[in-house]
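Here come two complexes built around subunit A, the first alongside subunit B, the second alongside subunit C.
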Partner chain A sequence: MKGKVRRKILHRIFIAICLFIALAPIYWMLNTSLKSEAEIYLKVPTMWPKAPTLEAYRYLLTETNFLNGIKNSLIVAGFVSLFSIFVAYPAAYVLARMTFKGKRFFSKTVLFTYLLPTSVLYIPLYIFVAKLGLTNTIWGIMLIYPTFTLPYVAWILIPHIASISTALEEAAYIDGCSKFQTMYRIIFPLALPGIISTTIFAFAMCWGEYLYALVNLVSKEVQTFPLILSGLIFGDMPPWNQLMAGAILASVPILVIYLLASSSLVGGATAGGVKE
Partner chain B sequence: MNKKSRRLAENTKFAYKINLPLIIYLACVLAFPICWGIYISFTNKTIGGEAAFVGLKNYQRLLKDPEYIRSIVNTLKFTVITIGLKMVFGTVMALALNVDFKGRNLCRALLMIPWTLPNIVVVYNWRWIFNSSGGVANHLLKSIGLIDKDLVWFGTAGLAMLTIIIANVWRGTPFFGVSILAKLQTISDSYYEAAQLDGANAFQRFIYITLPEIKDVIILSAMMSTIWTINEFETVWLLTGGGPNGSTEVMNVYSYKTAMRSMMLGRGIAVSVLALPIFILLISLLTRRMLPEEEGSRKAKRFRRRSV
Partner chain C sequence: MSRKTRQMAALFTAAATLAATAGTSWGAALETTEAAKTASGDKEVTVWVEKVFSDDANALMEERLKAYGEEKGVTVNYEMVAASDFITMLNAAIEAGTNVPDVVSMDTTKVLNYYPNIPAMDVSELVNEINTERPYFEASYEGTKIGGVHYYVPYYSSSCMMFVRKDKLEEKGLELPTTWDEVFEVAQAVSNPDEDFYGLGMGCGEIDDDDENTLRQMTWNEGGYLLDAEGTITCDSEAVVNSVNKYAELYKAGAIPADATTWDAGGNNGSYLAERTAIVFNAPTLYNALQADEYKELFENTVVLAPPAGSDNSVFMNFNRGFSIMNTCEDVETASDVIKYLCDKEWYDSYLETIAPVFAPLFQDSMENPTWTEDAVNSEVLKYVQNASGYYGYPVETIEGRAVAAKHYFTMPMDKAFNQVATEVTSAESALENMKYDLEDFMDQIG
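And then the complex of A and B:
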């Protein structure tokens, strides 16, 4: 019995250490964002802001292009994730529900493109976008991003659709629904929880994307927030409080959605993970 | 039989018709640029310049370039170390979360946070923590007496590698943890009870019951994570820029510098093309494991039964 109690205590201590490792860096981000420029470069860093101030946030939002970067990121990620759901849903549907010639090859292709890393693609796509005259426009990256969100969405949605009972479909079929109607009017609403969580993940993938944006977007007006953030780094003493304020602001939407939905997201949807 | 084959033909027509937008998109924006890119790797194309066919010259140059060889060595070192650490930490995290306790769901959600944050945010956060002036890492190490002078993290070869490893492992561990945890929760308690009756201690129970059950999911996660880690760019580029003296320059940083800084697009693509066989090998191994039709497990049978 004594051993059980000791094990319990050790276990709780271990969990606490894990939580500390996972959350302390995030606390440091928040802490820094609330400090003044003078305080961040003190000889001894303060564990708690001496004089908490929102000055870094104010400067970031009013004196830099950060807000515009957030707007660009929102447009790109919003458009691409919705587009991906509508184009990739039929693929997930037929892979989960139907037998057809070439199914195996089709599913293999989807999985292959899902796993194909960006490093193989970024230079060819840079040339492709340049040839279309879309370099340095958000249209260019909106064209590129579905190359990773489409296969991701198609692949992740398959188990969500496969878990829906086939009884309703059979009933719809007997009532004379076409395949197309069954797919959109019967199954789509039933798969909606999975579709929403997948859309969120696709959104998150586009939201923080850096390499494609770095190669394709040059002007401040069209840059997404990751580039605006890295643009804040210059000289020997970058304004870390503003950078961390930007990091907090860019993380908040993702974290809120994630924590709200975590019960449904932690299970199946994360098993495939978010492609880095 | 006739009805069945007619239905198959109907299904096939429907499946391809409804997926036409996807197929056209992937053909135009994925397949075509890749093939074009592979062709360009045999030319001397530069940014803004015209391309002339040069055969294998890009590849020969690369293989003779010590900087390229070093970038491959760095990538291997970085990948092997981070994957190993993420596997161990992820397993331990999953085991700790597999115990029933109050607030477990909250803890699990909180421990997932590093994985959900945008990578760029994570990278800048570590860059600030390890900053030589005002960084908290130096302060903490000094206050517990481990060091007495500020370390220049990004300017010292070994330490720079350590920072990119920490940033990568910190963000990547929850992916392993949650994947392994999902598998752990499917192991029946009766196995452990039987083993306990037979007098197996905790360590034996882990080695003989838990490990064989979670082996597959660990391998799967490791392979996926390997693809992502070999592919790592921004963690390295934004933390150390590949320095000091190229000691953290991984493959992708080298290819970026070659293609975008030195403007040699052809040679930059050649770097990716040389890595392609490894990616294709990993991806086909993964495909074999992840496509249910090929494994004989329970899940596969369920999957098949459900498809009409």
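And then the complex of A and C:
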């Protein structure tokens, strides 16, 4: 009994340590965003603001293009993540479920495409977008971002779909479903928790993307929020409170989407569906 | 609500959020943006200006470019680009060979980094024309030539001033230092590591470009150079070894903060604002920061001076910046005209007034301008600019040597060597021997 209690206490302590490690940087962002510049540069950093001020938020929201940047980021990240799921789900389904010549090759290609570093691709993709006359428009980066979200989404969904019992599909065929219907009416709902979490990750990848946006979006009217934040830095005196306020505000949409979707991120939907 | 309905609702929440947030302005964001464009005309020019710290100054520059378009009937596509993003964006455009702007902000180090494929035109004729109308300081006119040619029109210059806590010196009855030896003496005298106070806020972190410049300048002033005039490597000379050892000695003696070896460019000004250091070397951005109400007392206890002289010379680093016309520009006449328009005396002087003292003018008649003569700090900054003749690789004269030095600079070699010796990783001789190999590698690359 004593041992059980001790184990429980140790578990709690471990969870508290993990939580502290995960949340401390976020707390520090919030803390810094509410400080004046003078307080940020104090000899001994203050654990909470001595005189909390929303000045950094006011500046960001009223004196810069930050809100417009957030809007542009939402459009790009929202469109690209949904588009990626739309395209990558059937691809992942095919690679997970079907047997055909070259399946291994296609499967590996998806992984290798995902592993290509941004620094190698940004010039060729910039040229591609320029030839289409889409530089300095968010259409341009909507075209570029799927180059990293599509392979990512497909790669994550392949094992997820593969983990769903084939017996359910076989039952669907017996009941008269076509391949297409099985894919969308049977497997899609069962894979939904994975699809939603992958969509959120794809959204987050586009949300914070910097390099492609940097070289393609020159005008402040079309820039995404990371570029607006980067534009606040001049020389060796970064306005840390404004940068942290921007980071806090920019994390809100991701947080909201995650909270709304969290009820769907529960596994076990297929539990008991098949009698093995 | 059933589980399935909830799941579907969650999936489409993102789309709904987007629609709600974006509202009616989706169209505006999706259309090809040419917002920063002046009234249309037959001629067209694209200008990328590196943003400066002041929103007012950036707005003035935008207005000026807009006025040019309206006045001359030229379509001016202008963009104010963040300094930290500028080179990446320009490089992408140059590499792709498309959407390259016609006129861009430029400086000597940027030009040399492109050597031997310098993407900017020789604008010596334009510089001479401006110089005839309104003579430049000698240091700005001659100091911005690369291989005898101007690749950019010098426009303004930053500086690196010495910020001193006069109250701390007065407490000890010390005079303001004017030489590096005096700086070191004062630094040791006012240091009190037990109370986390240090005389010299000079860092050597691996990405500390501020102090990379200061360490170079200090070494030059004491007669140490990485290259000589012909381009021969001299970084292992006795004078350079002595400078490195002097820094390490001060570090070990507690005259420099222990964390200075980990600083970035914000380290020295951060230490000064936190009242941890008595002397730092920084651009006047620190002076601007000090003017906030919270630093009233520190501001009153601060004096801003020209950097100290050494036992050999008092060469200051030149931080001139200006405008280049890119090789791909199809209408050089209009591009030149835009630059001349930005050099109009009346407008130029009012513009520089808004960014004083971080950037200073480069023209001789500024010495009669009350903005630059009556304010003590502005006047010191102008004197700095007037005498700033140093550059990466100084005193090397060959363009190949300067290109080697410019590329080598981005590896922060002085920071690296001073750091290794201060932290006792290696000896000065060994650290500088390694620097020599690095320089040889860059020489091999340049050919």
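List of remarks:
Following the convention adopted for this analysis, the second predicted complex is superposed on the first by the 209 of 276 C-alpha atoms of A that agree within 3 Å, B and C clash if a C-alpha of one lies under 4 Å from a C-alpha of the other, contacts with A are read in each partner's own complex, and residues count from 1 in each chain.
One rule holds for everything that comes next: contacts are C-beta pairs under 8 Å (C-beta built on N, C-alpha and C of every residue); 3 or more make two chains touch, one makes a residue touch a chain.
Quick caveat: nothing in here was measured; it's all calculated off a predicted structure.
In the superposed model, A:I144 makes contact with subunit B only, not with subunit C.
The partner that reaches more residues of subunit A, of the two candidates subunit B and subunit C, is B.
In the superposed model, A:I123 lies in contact with both subunit B and subunit C.
Of the two partner chains placed around the shared chain by superposition, subunit C is the only one that A:E63 touches, whereas subunit B remains out of contact. In the superposed model, A:F14 makes contact with subunit B only, not with subunit C. Judged by the touch definition given at the top, the superposed model places A:S107 against subunit B, while subunit C stays out of reach.
Of the two partner chains, subunit B is the only one that A:K179 touches; subunit C does not reach it. Look at A:L82: by the touch rule set out above, it reaches subunit C but stays clear of subunit B. Contacts of A:A250 after superposition: subunit B is touched, whereas subunit C is not reached. Of the two partner chains placed by superposition, only subunit C is touched by A:V222; subunit B is not.
Residue overlap on subunit A between its contacts with subunit B in one complex and with subunit C in the other: 41-42, 123, 126-127, 211, 215, 230, 236-237, 263. Interface of subunit A with subunit B (complex): residues 11-12, 14-15, 18-19, 21-23, 25-26, 28-29, 32, 40-42, 44-45, 87-88, 90-91, 93-94, 96-104, 106-109, 111-113, 115-121, 123-128, 143-144, 146-147, 150-151, 154, 162, 166, 169, 179-180, 183, 204, 207-208, 210-211, 215, 226, 229-230, 236-237, 240, 243-244, 247, 250-251, 254-255, 258-259, 262-263, 266-267, 270-271, 273-276.
Subunit C makes touch with subunit A in their complex at residues 3-4, 6-8, 10-11, 13-15, 17-18, 21-22, 25-26, 28-36, 48, 51-53, 55, 79-85, 88-89, 92-93, 95-99, 196, 210, 264-266, 269-270, 273-276, 282-283, 285-286, 288-289, 292, 294-295. Every residue of subunit A that touches subunit C in the complex is listed here, in rising order: 36-39, 41-43, 63, 68, 70-72, 74-75, 78-79, 81-82, 122-123, 126-127, 130-131, 133-139, 189, 192-193, 195-196, 199, 203, 211, 214-215, 218-222, 227, 230-238, 253, 256-257, 260-261, 263-264, 269. Subunit B meets subunit A in the complex at residues 8, 11-12, 14-16, 18-19, 21-22, 25-26, 29-30, 32-34, 36-37, 40, 45, 93, 96-97, 99, 101, 105, 107-122, 124-126, 128-129, 131, 133-136, 139, 170, 174-175, 178-179, 182, 224, 227-228, 230-234, 238, 251-252, 255-256, 259-260, 265, 268-269, 272-273, 275-276, 279, 282-283, 286-287, 290-291, 293, 303, 306-308.
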